[in-house]
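You will see two complexes here that share chain A, one where it goes with chain B and one where it goes with chain C.
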Partner chain A sequence: MDFGYTPEQETLRREVQEFIAEHVTDDVLGELETAEEGGRGVHYRELIRKVAERQWIGISWPKEYGGQGGSRIEQYIVEEEFARLGIAVGGAGSGAPAILAAGTEEQKRHFIPGLISGEIIFALGFTEPQAGADLAGLQCRAVRDGDEYVINGQKMYTSAAHYATHIYLMARTDPDAPRHRGISIFLVPMDAPGITVRPLWTIQSDPPAPIGTTYGMARTNETFFEDVRVPASMMLGEENSGWYVGAMGLNLDRVGASRYLISVRRDEDIVNWVKENDFGGHSPADDPAVRDKLAELWTEAQVCRLMTMRSMSLVERGGNFTYEGSAEKVWAPEHGVHTTETITQILGPYAQLLSSSEEAIENGLFAHNVMGAFQSGINHGSVQVMRDQMARRGLGMPRG
Partner chain B sequence: MAKDPVCGKEIDEAQARAQTSQTVHGASEVDPQQGTRIFHDGSWIYFCGLECRTRFLASPATYTSD
Partner chain C sequence: MDILPSEEEQLLKNAAREFLEAEVSTALVREMELDEIGYPPALWQQMADLGWLGLAIPEEYGGQGLPLAYMGLVMEELGRVLAPVPLHSTMVAALTVAEAGTEAQKRELLPAVCSGGMVMTWAVTERDPRLIPSAIAEQAQPDGDGWVLNGVKMFVENFNVARRCLAAVRTAPASEDNEGISLFLIDPNGVGVSQTPLVTIAKDKQSRVSFDGLRVTGADLVGELHNGWPVVERMLERATALLCCQMVGATRKDAEMAIEYAKNRVAFGRPIGSFQSIQHLCADMLLHTDGAQLLTYEALWKMDRGLPAGVEVSQAKAFANEKCEAVVRSSQVIHGGIGFMMEFDLHLWLRRVSAWSMRLGTTFDHRAKIASALLDKPGKVRLGLPLPA
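And now, the complex of A and B:
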C-alpha cells in the first residue's frame, strides 16, 4: 500500500506553495492577528477570492453547489498548505458537510456557495453552560409557531459569533422525547432579532498569541436567544433528527488537514528550532535526550497522519465512517499535549515566556501553545466521549 | 433588578441585556461586566458572572428552593 502522493498531487502542492509565497502578504498575516473579524478582513477576503479563482476551494464538493467535484486528497493538500499559516480555505467546520448530507436542495444552493466564497460564516452553536461533553442535556428550546420556530436559550463557547453570518444551532424541539431524539438543528442568521453576544476573553488574549498558536483564539463568546424567530425552512434535516445530523457533521469535520495540523504543527516547529539553533558550539540537536524525544514525537505524528489518510479514504469511498474519526480525535490531541510537554522539557524556562517578553522564543509561540494545547482534548468532543463512542461503535459495547 | 441566587448581588437586567455594540453581521453585543444569565426552566436567571452561574448549575435545587 502506497501512502505517498502522485506526481500530479506533488505538482499541486508546489503550485499552492508558490501561490502562498506570492499572495499571502504581510497585510493578510496582519489581519490574522486581529480578533474582531476572526482575521477575515479585506485582505483576507481578497486572498480567498483568488484561491477560489484557482478552483482550490471545496475541491471535493459537488460542482452544482460551487465545488470542483474532485478528490478529497487534493482538497487535503490545499488545506494543509494554507493551514500551516492558520488560514482555513473554505467551509471549515461541521456545518457544510452536514448541509451536503442532510440539507434541502434550497439550503445546499444557498449555503454551500457562500461557505466556499467566505461570504457565509457559521458559528457553532452546540455547547451550553450545562451541556458540553454531555451535549444531549442541552436546554435551548425551539417551539413551532406556524411556519416559524421560536428559540429561547443560550450557547457557550460560540467562538465565531462575533464575525459569523449564521449560527449552526442545536435546540430541543421535543422535551418529552428521549434526550437524543428530541433535538433539531437550525441555520439561524446572526442578525435575527433577539440574539445577543457576550464576549469572553481567553488566556490567549493578553498578551496576544502569535499567529500559528494551536488553539490561539483570543476571544470566544456566549450567545443568548430570546424569542428568536427562524423560518421552519431553516431547519436542517428532519425535526428531532438533529442529534444524528450534528454528530455526522462533527465526524466529517474531524477529517482533514486543519484538525491534523492542530496537533502536529508544533512537532515540525520544534524540530526546526532544534536544528537551526546553536549555543556556543553546542546544538540541542546533538543532545541524545532531545533526539530521542523528537524521534518519539515523529513516530506518534506518523500515526496521526495515517489515521487522517485512512479516514479521508473512507470518506472518499463513501464508507461507513463513525468511530474512526473518534479515534483520531483521541490520538491527535493527546499527541499534541505530549508534544507540548516535550517542548517544555527541551526549552526549559524559555517555554514559559509569552509574546510580550523580548526574550521569548519564536515570539512566544511555544509558550502560548502550552496554554492552549490542553483544551484540544476537551473541545469539539472530549477524548472521554470519543473513547465511549469507540467502545460502542467500534467494539460493539452497550451504551453506558 | 434581579438578584444573583448564589451570591445575592443585585443585577440590573436591562444593563445586562443592553446593546453596547454590534457584531460584524448585526447581532447585539453586551458589556460582559454587567453580568450573565441562563435560561432555566422557562425563565432567565441573572448572575454577577460565570463563577456564580457555574455554582448554580452544579446544584440548581440548592438555590431555587424557598
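And now, the complex of A and C:
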C-alpha cells in the first residue's frame, strides 16, 4: 500500500497551482458564471488552449491520439486543482474514457484530439421521460438504413446539450431483444438536422448559484430527435452492446477528481469559514457540538477521498470494478448531503441567504448547496440503484 | 499512489488467514473464554515459529524489522477469527520498548518476545478513562535509588499472563517542560502488585491492577524521566491503529456471515437476501467496513513513513467505533432471533467488536482531537494535504 505521491507528482501539483494563480483570471471566472454559455467564452477558451499547451489535458490518454501516455495519478492531480475552481480539464466526464476503451480507430482519431483541445464537448443522452434510474427501459429508437441509423425519440435532462458539439446517445437498436441486450451507443453531432434542444430551468436558476455549488447548474435541457441520421461508423462498440459500454463508461467516469470533489468541497469550506469568521464575536468553532460534528464530517470526507484513490489504484493496476465504483457513488453523495445539512445547523438563519441577498455568506454557496447536494445521489446512478449493484454484484445477493 | 495491498503484503495476509482459519475455531474461542490463562500456549508458540511475534521488531533483536503495516495485516486476520492470543497487548508494549527502551531492556525483552517466551502488556488508564496526561494521577514517590508506586490502573489486558507490564505513572506535576509522566517496566508478580479480574462483554482477560508500595528502579525506566508522555502518545497511536485492524477483520467476517445467512434464510417464500431493504443494509455494511479499513491502512502507512499520524489514527478509530458497531448490530438484525442464542456463534463477534469500540478512545475523544487539528491552528485546510501545523 502506498498512499503518497512521488516528488515529481508533488512538483506537478505546484506547477499547476502556480499556473492557476497566474492564468485563471477574474475574466475566466466571470465567464464560468454565465450559465447560458456553459461558461465557455473567449477567456475560458484561451485558458483551455494554454492548459492544452502545457500538455495537461488527457495525461493518461495514449500519445497517438494527442494524450501524454502518462498515469491517471498525474491526470488526477491536474484535474483536482482545476476542479476546485469549477473548471473541467478533460478526463472524467468527457466521454473520452469510454471512447478510448470501446471506440474504433477512426473514432479515437476523430474525437480524442478535439476533446483534448476543448473543441469537442459531449452532452450525455441517457435519461428519458420514462427511463431514469431504470435506464434499460429507454425507448429512443435507432433503425439501421444502409450505412446510417435513423434516430427518433426524446432525451431528458441533457445537460450541456445547448453548447455541446456532440451527444453521447443511448438508443434502442433491437426492440425484440431482452431489455439490456437491445441498446447501442451513438456519438451524434448536435448540428445534425432533426435535433431540437429546449431549456429546462432548475431550482438553481433564480438567483443563479455561485461557482462550485453542488449541482448549481441553472439549466439543463430536453432534446428531441426527429429522423436524425448518423453514419453507422459513429456507433460506439458493437451493435446492441450499448448497455455494457455505457456502464463501463460511467464507472470509468467515477475514477477522477470531479465526482469526489463535488461531495467534499463543503467540508473544507465550512471549516475554513468558521476559522476565519464569527457572528458578532461568537465563533461556532468554539462550540463543542459543532467541533464534534466537523470532525465527524471530515472523517467521512476522508473515506470519500480514499474510495476514489482505491478506484484509481484498481484501474491503474488494470483491474475491474466489482462494486467499488458503486460504493463511491453511494458514500460520496450521501456524505455531501450530510455536510450540507449540518452546515445549515451551524450557520442557522444565515444559511438561507441566496446569492443575490445582502448578508449572504460566501455568495450564498451554502444555501444553494441545500438545493443541489441531494441531486448527486440521484444522478449518474441513484444511490438506491448503486446499493442494488453493490449487493448483487459485490456480494452476490439474489435478485428479487 | 497505489493504496491496495502490495503483492508481498497480500501474500502475508493470505498466509495468515489460511493458518488462522485452520487453527482457530469458534470452539477454541469459547474454550478460551472459560480458560484460566485465556490463550492456548501451543498456538502462541506456533505464531512465534511463523515469525509473527517479531514481524515489526528490529532484526538485531530477533525480529524481521518489517513495517507496522505488516503487523496490522496479521492483526486484521487475528480479528477475523477472534484469535484468543495476547498479541495486541504484547506488541503494544514490545514496540514501545523497541522505540524508547534502553539497550539492556531491548536485549532482555525483545528476543524473548520474538521467540514466544514473553507475553507483555501495558497500563495507562486510571479512574478517568480518557487517555490524556491529566487523567494519570497515580503517584510514584522517589525512594532511594528508585521509586515507590501506589495507585490503581484500570482495564489492563492480559495482566494475568504478562511477564512485564509497561505502566505510565506520574513522577512529577505537569510543568512547562513536560507532562510529568514516566514509563516503567513492572513485574506483574512483584511485591506490592495485586489484580482483580473484570468480567467484560468480550469475555477477555482484563484486570483492575493495584500497586501498593511497588518498588521500581532506574533500570526499569523506559524513555526520559517525567517526559514519557510523547512516548505514551506514540504507543497509544500504534495500539489504536492495531486495534482498528482487529476491528476491521472481525467486522468483515461478521458481515460475511450475515450476507451468507441472508442468501439462505427463506421468508415470505424467498431468500431474505432478495429483499431490497436487506440488500441495502448489506451494502451499507460493506461501505462501513471498507471505510474503516481504508482509514486504518492510511494511518499505518503514515506511521511507517514517520509522518504525523495522530489525526489519521483518530479518524480510523472514531469511524470504526461507530460503523463497525453498526455493522455487527445489522448482522444481528439480519439473523433475527437465532443470533441472540448463546449456542449460535455470531455473538462472539458482536461482543468483541463492541468491546473494542469502547477501548483506546471513544468516538468523542478522537473527534475532539481531529477538531483541534482542524480548527485550532491558523491556516486553510484541504482534504488530502497535511493540516496546518
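In this text, the second predicted complex is superposed on the first by the 389 of 400 C-alpha atoms of A that agree within 3 Å, B and C clash if a C-alpha of one lies under 4 Å from a C-alpha of the other, contacts with A are read in each partner's own complex, and residues count from 1 in each chain.
By our rule, contacts are C-beta pairs under 8 Å (C-beta built on N, C-alpha and C of every residue); 3 or more make two chains touch, one makes a residue touch a chain.
Keep in mind that this is a model prediction, so the values were computed, not measured.
Contacts of A:395 after superposition: chain C is touched, whereas chain B is not reached. By the touch criterion defined above, A:316 reaches chain C but does not reach chain B. Residue contacts after overlaying the shared chain place A:145 against neither chain B nor chain C. When the two complexes are overlaid on their common chain A, residue A:302 makes contact with chain C while staying clear of chain B.
Touch criterion met: A:331 reaches chain C, while chain B stays clear of it.
In the superposition on chain A, A:274 contacts chain C only, with no contact to chain B. Once the two structures are superposed, chain B and chain C can be ranked by residues of chain A touched, with C on top. Judged by the touch definition given at the top, the superposed model places A:3 against chain C, while chain B stays out of reach. In the overlay built on the shared chain, the residue A:164 is in contact with chain B alone; chain C does not reach it. Per the touch definition, chain B reaches chain A in the complex via residues 17, 19, 23-30, 32, 36-40, 44, 50, 53-54, 57.
Put simply, chain A touches chain B in their complex at residues 36-37, 121, 129-130, 139-141, 152-154, 161-165, 189-191, 195-200, 222-224, 226.
The residues of chain C lying in touch with chain A in their complex are 1-6, 9, 69, 259, 262-263, 270-271, 273-276, 278-280, 282-284, 286-287, 290-291, 294-295, 297-298, 300-302, 305, 315, 318-319, 364, 366-372, 374-375, 378, 380-384. Interface residues of chain A, counted against chain C in their complex, comprise 1-5, 9, 73, 80, 264, 267-268, 271-272, 274-275, 285, 288, 291-292, 294-296, 298-303, 305-307, 309-310, 312-314, 316-317, 323, 327, 330-331, 384, 386-388, 390-392, 394-400.
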